[in-house]
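Structure, as structure tokens:
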Amino acid sequence: MKNLKKLFLVAMAVLMLGITSCTAATTVTSTVTNTQTVTETKTVTVDPSVTVTDMTGRTITLDQPATRVVALTAADCEILYAIGAGDTLVGRGEYCDYPVDVMSVASVQSGYETNIEQILALKPQVLLMGTMAQTEDQVKQLEAAGVHVVVSDAQDIAGTYQAIEMIGKLMGKEDNAANLIKSMKATFDKVSAKDTGKSIYFEVSPLQWGLWSAGKGTFMDEIANLCGLKNIFGDIDGWAAVSEEQVIERNPDYIVTITMYYGEGPTPEEEIISRAGWSNITAVKNNAILNLPNNELSRPGPRLADGALALYDFVNK
Amino acid sequence: MMDINALAKKNKFRFLDYAVFGVIMLIVFVLCVAIGSVRVSFFDTVKVIWSAIWNIPLPEELVNTSSIIVSVRLPRVICVALVGASLSICGGSMQGLLRNPLADGSTLGVSTGASLGAVISIAFGITLPNFPLSGTMVMAMLFAFLSILFIISLANKIDGSLSTNTIILIGVIYSMFATSIISLITVMASDKVKQITFWTMGSLQGSTYTNVVILSVVLLICGAVLLSLSEELNAFAIGEENARHIGVDVKKVRLIVLILVSVLIGVCVSIGGSIAFVGLVTPHIVRMIVGPNYKKLLPASIICGATFLMLADLIARIILNPAELPIGVVTSFVGAIVFVIIFYRTRKGK
Amino acid sequence: MLRVENLSVKYDALQILNDVSFEVVSGQWLMLVGPNGAGKSTLVTALSKGVSYTGKVCLHDRDIMEYRNQDYARQVSVMAQSHYVNYHFTIREVVELGRYAYHKGLFKDVTSTDNEIIDHILDITGLAPIQDRSVMRISGGELQRTFLAQALVQDPEILILDEPTNNLDLLYQKEIFELLEKWLREKDRAIISVVHNLSLAKHYGTEALLLNKGQVVGSGKVGEVLNRDNLINAFSMDVYGWMNELFSEWK
């Protein structure tokens, strides 16, 4: 059963977040993350080489900052663009969809279907990827072909800063990375609040397909706590199918749905309001439902701050 | 344990036995309504249902309880029971028609066909304007039926007589084919991947009284016709050639049964996703108790199928509380174990 | 009663039956005789509307394809050569199905008339004491008698039997043939049967149709058809001589 659950989590992670990190790998990587040190190399004069320690603890040295990069996870793509290195991207994972510019970059299969040949054909210097689904063999194959494999695997906001810092260094854009982190920190400081006594429910999958929510160890949970809100499913690990009865029973003050609206039928907010038996939920009574369909609260990238801000504005409006 | 005397006794299965089955089903039903993710006392459960029926206003502290029991739990339990009954009568009918105790909507490719229809409607956003049902349901029914037509005409083309082995083989191949198309659509419609994935996992969550009405009407009509065909199904179960010899209009009866089955499966799949093993296991267990005669097998399958799926759903609802397990996981798990036990005992009994 | 005109059956390029014609009238017992592969079973299948054919088969001067299956089954019952049942139906349940042709409307069930007929047939076929046994737990001979009983319960005018005593002990062979002979004595009845044993065919049959490779080799009174030359023609051996040799030892 545990394995099955993990499988679901894995599937969820790939499908929804468009990233290749997953909670299944948390135990392995988190210990590494704690002891990890980002090696500072002096870029003062002649030596243009960069050395980074990636998020599984491997040390990678490049002769000079990378100019051809393939990034498999959506979050890494977003980071690259945010630090002004989007033009170095020569390939992206198939689920990478932000910013719009990324869509014109060649797409490669990612996750379980990661295709080494496709990646090699793009002749990258660096492959940025998550920890899931790439076997040791695949990594060796890539390195034998001269591609530096760098793993980014952020599980929380702190991890996201690390990833940004690491990628910044890799691309020779440390300053931009530092600025980005600074601005994210500023946003998070702004939204930080003491316990408001209010509760929130994150709806990952609508009732029609079976309710799924985000529990402990997810960015949604972390950001809710940051904003002083109590995640009603904080007692669940990761992503899980949850009981409709419990949503009604736990009576959230706010609801955030990430369901995409396709322009026909009721909007996700309207659909939630129309559900039988939900009319007595405080959030439904007060029409306190927010739709954040663009993965703002699930990708370990710069837009986490945007998502947090949107949530903050929504709660404090 | 299964000896000739036991078989003789089975023949005496009469009204009283249905009453026993029915009472068990009712007990399970009450149990399923009384137990759930959120704990509600039995007295309060009865009270809120009673108030809902007679439209009696409730005290403030019971309003939320009423939402949980009357709007969420009750329709879900009823839907689960109806889906269980429908899938079981389908499985039983298929097993007779194809003379194969392992036949089911899934072996014939009907479930997968229905899923394909539903996935297409999700991926391409097919909805019917001014239609009370969602596009998913209509597409699932349509595709279940189209799948069956396709399988029949292919079987017909291949050997002209719709020989049962051919149909099952084509069903299995078609299933694989439909699954691959589903995967293809999933890959292509990458923006709907999430929905499709959740949908294929299957969920009876969010069942409404509208679903209850749809399922009841469909089960009532299709079930009644299937029950009226129990003599023909007996003949098919003994052998298609023999059925023809005693005067059964083989092709017509088969077509009717297949249409009814595809309608039932289409509706069930669109409401609850594909739920494995119910249609296979229930008639199997029931056959052990009442014998293979369809006059008893079908009614008993309806009752036992409802009971079985309600219990499976109960487990799915409470075992990981407050999280839920997909119901298909429970049915497959329980079903496989029960199946092995039955198989082992009958083999050993020989 | 039953008239077959220029009946031919083809599987792809293979001609199974070629231009077969004959007629059966009441009181007759037509024996279909011939070596393996002569087309006897295919002929039985064609008469049960189980295979597409060219030519014409008429029951009471009406094409059998015009009959609804149920109507046809009330006048012609067919017993197949081999049976394999997958479920634990009881003998009685299988025999009961022979009354299907008489059931009309929705939710039809067995009537008391049905039960009387079923009880009678179970008695005369010797199945009454074991009628509640599963057909998956009985001997081949008992299964054979079960399906014969089913055909008799249909109360037809014409019985078509493919090897009716295939698996039976000699005692049952004798009993079944005597039973059928008695059955035939009633008004407006006829039997068509495939019989391998030429002695039985000659003794009980009134007419014979001798087939070889889908062609009619001889047709008419049983004594005339089963003559030495015809049998040599059909079986490619001196059947007549061999039979005489075998049976002379018993004298």
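As written, the chain order gives the labels A, B and C, with residue 1 at the start of each chain.
Just so it is clear, a residue touches a chain if its C-beta (ideal position, glycine included) is under 8 Å from a C-beta of that chain, and two chains touch if they have at least 3 such contacts.
What you see is a predicted model; the values in this text were computed from it and never measured.
Visitor: Name the most central chain, where centre means the mean of Cα atoms.
Guide: Smallest centre-to-centre distance to the global C-alpha mean: chain B.
Visitor: From chain C, which chain is the farthest off, judged by mean CA positions?
Guide: Of all the other chains, the one whose centre lies farthest from chain C is A.
Visitor: I'd like to verify one number: the distance from the centre of chain A to the centre of chain B, where each centre is the average of its C-alpha atoms, in whole angstrom.
Guide: Centre separation, chain A to chain B: 39 Å.
Visitor: Taking each chain's centre as its mean C-alpha position, how far apart are chain A and chain C in Å?
Guide: Once rounded, the distance between the two centres reads 76 Å.
Visitor: For chain B versus chain C, what separation do you get between their C-alpha means, in angstrom?
Guide: Roughly 42 Å separates the two chain centres.
Visitor: Which residue numbers or ranges of chain C touch two or more of the other chains?
Guide: Expected reply: no residues.
Visitor: Which of the residues in chain C come into contact with chain B in the complex?
Guide: Against chain B, chain C makes touches at 48-50, 52, 68-74, 77-80, 83-90, 92-94, 97-98, 100-101, 103, 106-109, 132-134, 137, 147, 150-151, 154.
Visitor: Could you list, by residue number, the parts of chain B that touch chain C in their complex?
Guide: So the residues of chain B touching chain C come out as 4, 7-8, 11, 99-101, 160, 227-228, 231-232, 234-235, 237-239, 241-242, 244-250, 287, 291-293, 295.
Visitor: Applying the document's contact rule, which stretches of chain A touch chain B when the two form their complex?
Guide: So the residues of chain A touching chain B come out as 4, 11, 15-16, 94-95, 205, 207-212, 233, 235-236, 240-246, 248-251, 260, 262, 264-265, 275-280.
Visitor: Please name which positions on chain B make contact with chain A in the complex.
Guide: 36-38, 63-64, 67-68, 70-73, 75-76, 125, 127, 190-191, 193-195, 197-199, 201-203, 205-206, 208-209, 317, 320-326, 329
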